[in-house]
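There are two complexes below, and they share chain A, which is joined by chain B in the first and by chain C in the second.
What follows is the complex of A and B.
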């Protein structure tokens, strides 16, 4: 099993979600995150006052899928989240030891 | 044959099954519609019956004047047992009878435990009661509510008399202040607004505990806690007493239902329980208003009443500071003929009340003065105004002067939300803006909102003022707004279209149009107001779901908004609306995305280039310059 964590542009969330659902991903965790990569932060000015945006708002999605689906998921995120301009985000893929469904105690792929 | 033996022979001992059957009968009566009062009274009577039997059995053979009495305390003392309430008991004994008290109490407690009761108990002499009542706030309160159950009645009377003289009547103000503080801390843990979507019936604001606070205050001050007695003594108005009785009955009935269903002391009115109870009590889903929303509207109406009346009652009974007492002797200042002002309160002298309160503008002026000088409305006005406002014809609130007054209140500066909330409480706001009436206590049944529509709307105005007082980009923009009255009005109206079949933005647009007409707004103002209400979700949807680095997106948004003024207002309105959804909902994440869209759109609308001096831009420009120099060079 793999846990796939993607940092994407906020407005891409709906599109990515729809594409992953279509692929057979059953669940996902989404959070509002702020940070910087190569895009860095920037300053905005309004009427002489500067407002520093050190951390750029992004959306983080986390999905856990079977090994067989993992590549397809990564590919789909790349395809849907890409705009081609700076700040499109990153995808992190982790090996996952186990998953447990709390209600039933099921583990592994059955718990996905 | 001694009498005690005869009763013993005739009685069947209490068993768990026997008790269960009696409880089931009470639960059945409840299910068939028995009121809250009927059920708590029946449950109390059942507990009394059991205790009397047990006491008779265990103290058999000892004469009535035995120097031992069985006493009910706390909620049981008040005869307010819910199905799974604890039973609070005291064994009161004369010093010489300690042995007997111990053996009787042990036997009774064992029997109660065997029957499955949760019991709190104590063994005390009158001396113990005095010492502990003076030392401990909780004991002091529980003992105030003592009720004789069985045994030595003379001993109990002696306790009551001594306790009243040496504890209850001593340091009353200090006692009330401490109980109020204790309750405030409880609000912190269980909800400081009575508009929580999943309230705790006992401990959230507006819950049963507020009624207890009122009763404790009344007991300490005047020796009675019955609403009727308090009304007869002039300490509560007849209307308040009746409303409290109704609210108490409602809260009890809901709580009984929760306990019976969960088979334990469950006091939280969860979403699941709300849906279940609304269905069971015959509320019907309408397309625009779910049964659960109708049920909860009733809850909010009652809990608001409880929290308001208790707040006022307790405040009145608190000892006033030396300055307040002195200033009460000073002649009140008169403002504009009708209004009398003491240091922090505004009222209308009773001789002038008929004249002042039968005129819409004079009523509005009262609120305007309160806002300007930070006065609170005197209690008697708070009580009188709802009826007065209801009795006036619509024309009293639609004159040009009345409209100007309301716009002045909306414009502030300062205390706008506070003043509007005061007007809402006494039902004046809905006379000015009729659409505000139907959303009173209207819940929004989703996991996103935390408050009812009326509370959310007033809070949104408050959040606008609060954000505006900060140092953020939004604060700067708020500071520049010339028509803050329109912004506040839009915040007040933005969600009033909820609870109807149609999209609430469209209903809201119509409401905004009507209000603009009533208030005689000029064309420009009316257009702005209608736009803000109709499109109050547009900026959030664009900022969070569209790519604001895409020029086409910004251009389209800019076209919809039209002018820099409308954009600035929509920016502040969006932030205030989000912030009023619940604590922590307006995150830096959302603020940043909104801010970016705002700045890009403003550039588009004002045609200013380069007002966005980003480092990235500067670097890009430098790169271009170097390239040009190289090429030219």
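What follows is the complex of A and C.
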């Protein structure tokens, strides 16, 4: 099993979710996060005082899938979340030891 | 960018020339005809309007100013900031009926202060007073003035936002209202020495805006900057809240200015028109100035401009016509914007820009009254420089000087005394946690 974590632009969330659901991903966890990479921050001005906002708002998607689906998922996220400009985000793929469904106690792929 | 800025300047210049040419003729229409000695008889229309105006000014304090300031601070200080305006309204409501009204408007004692004759509203009842609205109950005039006394110290709170101890705020509200507001209101409105010299301040350019603006400067200097000033992110937490506050301030300001006509009459209509015109012009001119200088028209800039225009036209609103008000608004928006930008160079932390908006706006407004005032608009007023009476500008300049020095020095002394006794500022850890938790043990958002 793999846990795939993707940091994407917030307005791309719906598109990515739809594409992943179509692929057969049954669940995901989404959080609003802030951070910076090469995009750095942006500037805001309030009554003439300028602030550099270093942490840019992003959306983090976490999905856990079977090994066979993992490459497909990564490919799909790249395809749907990409705008081609700086700040599109990153995808992190982790090996995952186990998953437990709390209601039934099922483990592994069957718990996904 | 360069070419677009050029176009903006050109549009501004053309508009200014057109306006200048309109000030004379259009503002020469007679709005209020000279009246004979007023008969003391209650008019129900006037009374209804003055009760309504008093409620409108209350809405400026709460929730208007509370939301305006509340949106501008960080989320951890929003309750504390709203509470400043709310509790000052409550404190001054009592001070005013106990002793404040008597000190400010009671029978004159040597031009300096009102006597104690009306303490506890003794003798302030349902019959009209000849100088304070001959067609409305004296008590209604007192109530209308109560709301002015309440909003003025509430305006000052923008200077010490996010770091004032709540107990110190209460003491400040009591002392400042009694020792700064009451004397100044007496000098200009209560038959005191500046009134006798002929100072014109229709609805409080000096009494309300200069006094709160320069007192705010004293507060910013004595309290010092907020932690993280210039380095940390101190950006407003909720600008839609600030926009709601702006709308309520504008709405309530019709009571403030048009209500200062003390009746439901043509002068009230004229002041209403001047008020609306200046607010709109200043919102646009602040926005344009910021657009030219920084490249973006900001929402907060437009809102700040509107409030600057409202503050600036306040002393003039009952003495000038609509095109004078338009010019006053255009100047207010640009000059107050410049003042707020320059604040950074002086390094004092007037957190919510009370000095740049109310102080500077008040000074421009009092001086502009000395330029644009016309007896054709208000026969009870005077002509300004542009209408053939240069002496009025001198009286207005004196009013500015006196108000600035008195409020600034007086507030410095008050703050020092409060600092030695109660302590003005929350400690460093309390400031980090925010006023909501440290002063009130509550959170705005959970």
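The rule we apply is simple: the second predicted complex is superposed on the first by the 110 of 112 C-alpha atoms of A that agree within 3 Å, B and C clash if a C-alpha of one lies under 4 Å from a C-alpha of the other, contacts with A are read in each partner's own complex, and residues count from 1 in each chain.
Assume a residue touches a chain if its C-beta (ideal position, glycine included) is under 8 Å from a C-beta of that chain, and two chains touch if they have at least 3 such contacts.
As the structure is a prediction and not an experimental result, all values here were calculated from the model.
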>> Residues of chain A touched by chain B versus by chain C: which partner has the larger set?
In response: B
>> Between chain B and chain C, whom does A:83 touch in the aligned arrangement: first, second, both, or neither?
In response: first
> In the superposed arrangement, does A:14 touch chain B (first), chain C (second), both or neither?
Replying inline: first
> Is there a shared patch on chain A that both chain B and chain C touch, and which residues make it up?
Replying inline: 44-47, 49, 51, 53
>> Per the contact definition, I'd like the list of chain A residues that touch chain B in the complex.
In response: 9-11, 13-14, 32-34, 40, 42-47, 49-51, 53, 55-57, 83, 85
>> Help me check something: in the complex, which residues belonging to chain B touch chain A?
In response: 472-473, 476-477, 544-549, 587-590, 592-593, 595-596, 599, 602, 611-616
>> Please output the residues of chain C touching chain A within their complex, sorted ascending.
In response: 233-236, 290, 293-294, 296, 298, 300-301, 304, 337, 340-341, 344, 353
> Okay, in this complex, where on chain A does chain C touch?
Replying inline: 44-49, 51, 53
